[in-house]
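Chain IDs A, B, C and D follow the sequence of writing; residue 1 opens each chain.
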Amino acid sequence: MNTKLLEARRDLYKSMQEQCLAPLWESLHNLVPKQPAPPYAAALWRYQDILPHLLRAGELITAEEAVRRVLVLENPAMPGRSSITQSLYAGLQLILPGEVAPAHRHTQSALRFIVSGKGAYTAVNGERTTMHPGDFVLTPSWNWHDHGNPGVDGVAEPVVWLDGLDIPMVRFFDAGFAENGDQASQSVVRPEGHSFAAYGNNMAPVRTVHKERKELGSPVFSYPYARSREALHTLARNEDIDAWHGVKLRFINPQTGGAPMPTIGACMQLLPKGFSGLRHRGTDGTVYSVVEGHGSATIGGQRFAFAPRDTFVVPSWATVSFDAPEDVVLFSFSDRPVLEAMGLLREEFLPD
Amino acid sequence: MNTKLLEARRDLYKSMQEQCLAPLWESLHNLVPKQPAPPYAAALWRYQDILPHLLRAGELITAEEAVRRVLVLENPAMPGRSSITQSLYAGLQLILPGEVAPAHRHTQSALRFIVSGKGAYTAVNGERTTMHPGDFVLTPSWNWHDHGNPGVDGVAEPVVWLDGLDIPMVRFFDAGFAENGDQASQSVVRPEGHSFAAYGNNMAPVRTVHKERKELGSPVFSYPYARSREALHTLARNEDIDAWHGVKLRFINPQTGGAPMPTIGACMQLLPKGFSGLRHRGTDGTVYSVVEGHGSATIGGQRFAFAPRDTFVVPSWATVSFDAPEDVVLFSFSDRPVLEAMGLLREEFLPD
Amino acid sequence: MNTKLLEARRDLYKSMQEQCLAPLWESLHNLVPKQPAPPYAAALWRYQDILPHLLRAGELITAEEAVRRVLVLENPAMPGRSSITQSLYAGLQLILPGEVAPAHRHTQSALRFIVSGKGAYTAVNGERTTMHPGDFVLTPSWNWHDHGNPGVDGVAEPVVWLDGLDIPMVRFFDAGFAENGDQASQSVVRPEGHSFAAYGNNMAPVRTVHKERKELGSPVFSYPYARSREALHTLARNEDIDAWHGVKLRFINPQTGGAPMPTIGACMQLLPKGFSGLRHRGTDGTVYSVVEGHGSATIGGQRFAFAPRDTFVVPSWATVSFDAPEDVVLFSFSDRPVLEAMGLLREEFLPD
Amino acid sequence: MNTKLLEARRDLYKSMQEQCLAPLWESLHNLVPKQPAPPYAAALWRYQDILPHLLRAGELITAEEAVRRVLVLENPAMPGRSSITQSLYAGLQLILPGEVAPAHRHTQSALRFIVSGKGAYTAVNGERTTMHPGDFVLTPSWNWHDHGNPGVDGVAEPVVWLDGLDIPMVRFFDAGFAENGDQASQSVVRPEGHSFAAYGNNMAPVRTVHKERKELGSPVFSYPYARSREALHTLARNEDIDAWHGVKLRFINPQTGGAPMPTIGACMQLLPKGFSGLRHRGTDGTVYSVVEGHGSATIGGQRFAFAPRDTFVVPSWATVSFDAPEDVVLFSFSDRPVLEAMGLLREEFLPD
């Protein structure tokens, strides 16, 4: 290009900029890439490295002061963004015996996956559920919720869970609202187990006078590990093993058959001892929590050894495969239901 | 009307008849009634009256000969129609120890509700489920199914279940197909419990290579009474009692939240001791089977006392209310999902 | 079988009958047939044979007296049943200049397909639509509707349309309600064309305060032939010809993409000059009205020549194929959406 | 807090940072805001200010070189982000007589709203649609598309349209793929008007052999202004005026009744002469293009006067109201269908 033309363009760009106009032809290749090139990286957090910090935070930060005593798992390639993928937030929360996290609600959808300890509860809309390691608990969008750790059967111990939220999505779409309750804890309005009895057994209530549920979140807000674990092992015994996934179940909202919350999907999978899986990839960046067993994940060619309670993240379109020298159970969550709704989910299963 | 006009009309009608034409103005009031006036009646069959006939049929009719040893509950107002309502078929089937009912499939959807005895199984698509009293078992449209009674734990006893089918609907819409298998029983291709592990725990399988289920029937084909009973009692303890229904749960297809089969809906309800319900009515004629307890149903003003294992039918738009001097559990099924799909479901809950 | 056994069975049957019990083993083969064997027949009604009767009815039956001056097309194999298939009703209605058919509503869904004449209207919920030959007009379930023939542009002529209703279905499911309005005609509350402007152009209204439409029927209640005809010819010019159907379009409810009414589907198809179609069959018995052209339908091997305004019926599972020595346009309707909802639609396209 | 505690925390934070852990308690208030506080601003671009730059770009940038000669409307509060809201991209594209924009496809969904000039076309999957001012044209995700400006009726003129894309969403979810075709233009495989004939008239094709459309985008890819304008004026004559919206229609996918593309919704509204609307707000940040008339929008208390062809943006949760001293027609688009799918759409209509 000759100098004159270059100058003319520079003049144009400058004049355009004053009008808040930008030349697409200079940036199109970045805006419409050939394939995903996420700005975040694969990473693994060892529970044994995190635990000392969690315990130290337990000493330095009171529950009242902290509102939430959580260590945010920040993607190493996106420091300061409070995100583990571009669309998801993850953190490890510690609640000590006797502590209470006061009731609030927000448009952000949240999941709690119990990593360690017994005796804490989450309450959703006035109904508590006692949490055990491996349980998958929901606090869907705009539902009042609170937590506490009164202990169970006379024993109280520190409880740690993995928080998963859609905070970055809600921020991106500028659609976040929040509100604090006026009591430390919600009044208990229904006994524990009510929602599960009403919706958790492939049945649903028939009421004469009832407001139709308009919420998109699942009415079952606690999926006990006792059941998921048994289901996985039953299927494994039946040799229903997938070459990529092992035995994998997705949690559903029994009112729709779809994801338990509109923004976050979650799965539990068993890799039977000796499993060496094939590589696959998808556009849903995914966070994994190791429930049982030692093994490894190979992500984009890089091998990550994992142990129980570790957390790792697989970026969008990075290949992943698993090896399990012993029985391994993995919990995972991602933004998959949003990608499906947008028509943006793409998956590839490599033959070797 | 004068004689001449009457004659002229008679001539017209006669000439029309030859052309297969009929005068609407003579029949409109019948074709478009003010409200439902079903040609069938409320009725109750006492199990103690049926049982001797069932046992006698067990002597006179071999399993091989009979294909199905079933006493059809024919609505007293529609003899010879093999129907309990205009759209539904119901019958009580006896299967003796050691008997086998060979594999077949048909477009008719069927349910089995176990009334008495243990040790029999239903197999659907090569997977067996052992049946216990109170279990609700499906054989959805065009699924291979067979039955047998090998006994369980070394004990074999006669087993009786209530069959519910959409035979009259399929006949009315002229859409019935059927096919016999080439073996007495299906080969068992999956261990018992597989489908329930895969779909029954608020989870669903994730497979890399899978045909999407296109069937409208639920992948959970056995809903064990152990779970439904516990759910009902949990809700009753929580005092979640409806003035018309007591505690009522509908069985769902966990893939959709809708009815377990597209043509038949089913519910289980607990009327706690002392319950005296209000009257309601709906356009879905409904068949009830008494699971536990003695009580009474007042149908269109007529009182029917019932005992465990009795069957009764409530016609479309007849009022019904229940009284339970002791804890009562009722199973029921109707054509409700079809009425909903057609926009023809109407219900009324009377205030006293 | 020996005499003794036969007698024992006879005794059992007799005793069962008193209890309203019937032996399934004696009737199973009829209840679950190998394939559909409808009790009704293929038939064709020539408009030229019907017209004299219609006109004669116009003389002998006043509009006031008749409420509806309709000649019911009764299937020749089911006399007295007021049905053209087991599930559908069809009739030809005559409305003379100046006549009015008073407002009423019923749970039965109705369609009007205009066969001859101009200047009549149907009003649905207070909005009139002027009808032209080939127009497809709906009066969905429980909508107030009335008709009149005031003429148009100063010209008034007799108008004939084909009525299609789900009367037999509503009767079978015992779900019919009806109500007469207190005025001869509804008050006109919206100008003609309102609903089409609101819903007919691939757009839908956005209102701040609005009750969500809960009706299953289409908000577009008139589908003008001018548009359907042009669409068919455009596609035919583009050579988008199906070997079985020619060019075939189904009418949709633009709010769902599904059938215009939950119980009745309708289509319009163009068989271009020279078209000789292949045979197909389906479980939805179908009523056809000839809009344009002479041709023939071969139904279950029997050839029926047709001319404009003729009506014919193809039974469930009977093969049908079409021949068109000149451009032919056919309108058709069936119970297809109900069969789809029930999982009972089956189709077969024969290769020659 | 005492110095010692502060120091202890600083030590903890530092040590956490090395492990990619961040303290939630320091940032929670930002992550979960009380209500939306979007980082972008209300803004208006006058067409008369943009046009000179567009024409100058027409001189300096050839079509071949530019691939896309588009001026991106960058939100003034987010320079360098190529975004008009956080989730949407908008730009004005110029195509000169004789130019061709080569075929490509990408997962990004795009809309074209024609602002000025006649004679250009967009082709989607081998079918062209000639564009006129006010037409709304889609190129849904992963559909091949190209453009050209051959003129019409012997006249060729510069054509300008508004591009709306979900580029920021696809980037945020890391789900973008793109591919160039191997020809400058797609081969024309179907005549113009084919898709509209097949899907645009409240009808849909019935084909014997057809792949079910799995795409989420509308099969109608051109919504002509002739129809939308007439619909709006018909409803305005019927005085169906909303106090906030005037007469407003949303474009639908006639196969679902939902938005034309899964990520972008679009509307057209008429503000009749003299209309002075009430304030409303929603979580869907919205881009408007003025089709006809002069008027003003008051956004978050700030008044923006507008003229035909101007573009303006209303941020999430900012109030907006309109005044129309003459008939005004506005086109608008937003991320509303995604917010609905995520359960994040919230709206408020203020009473004065």
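Simple rule for what comes next: contacts are C-beta pairs under 8 Å (C-beta built on N, C-alpha and C of every residue); 3 or more make two chains touch, one makes a residue touch a chain.
By chain, with names taken from UniProt: A, B, C, D = Gentisate 1,2-dioxygenase.
What you are looking at is a predicted structure, and each value in this text was computed from that prediction instead of being measured.
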item	value
Distance in touch steps, counted as few as possible, from subunit A out to subunit C	2
Where subunit A and subunit B overlap in contact partners, by chain label	none
Which listed pair, B-C, A-D or C-D, duplicates the contacts of A-B in over half of its pairs	C-D
Subunit B and subunit C, separation of their C-alpha mean positions in angstrom	30
Computed distance of Cα centres, subunit D from subunit B, in Å	52
Inter-chain centre distance, subunit C versus subunit D - centres from mean C-alpha coordinates, in Å	42
Overlap residues in subunit A, where contacts from two or more other chains coincide	none
Overall pattern in which the protein chains touch one another (line/ring/star/complete/other)	ring
Residue ranges of subunit C in contact with subunit B within the complex	5, 8-9, 12, 15-17, 19-25, 27-28, 31-38, 43, 45, 49-50, 53, 56-57, 60-61, 65-76, 79-80, 82, 85-87, 89, 91, 106-109, 141, 166-167, 169-179, 215-217, 262-263, 283, 285, 315-317, 335, 338-339, 341-346
In the complex with subunit B, residue positions of subunit A that touch it	190-191, 193-194, 197-198, 200-209, 218, 220, 223, 227-228, 230-231, 234-235, 237-238, 240, 242-245, 248-257, 267-269, 280, 349
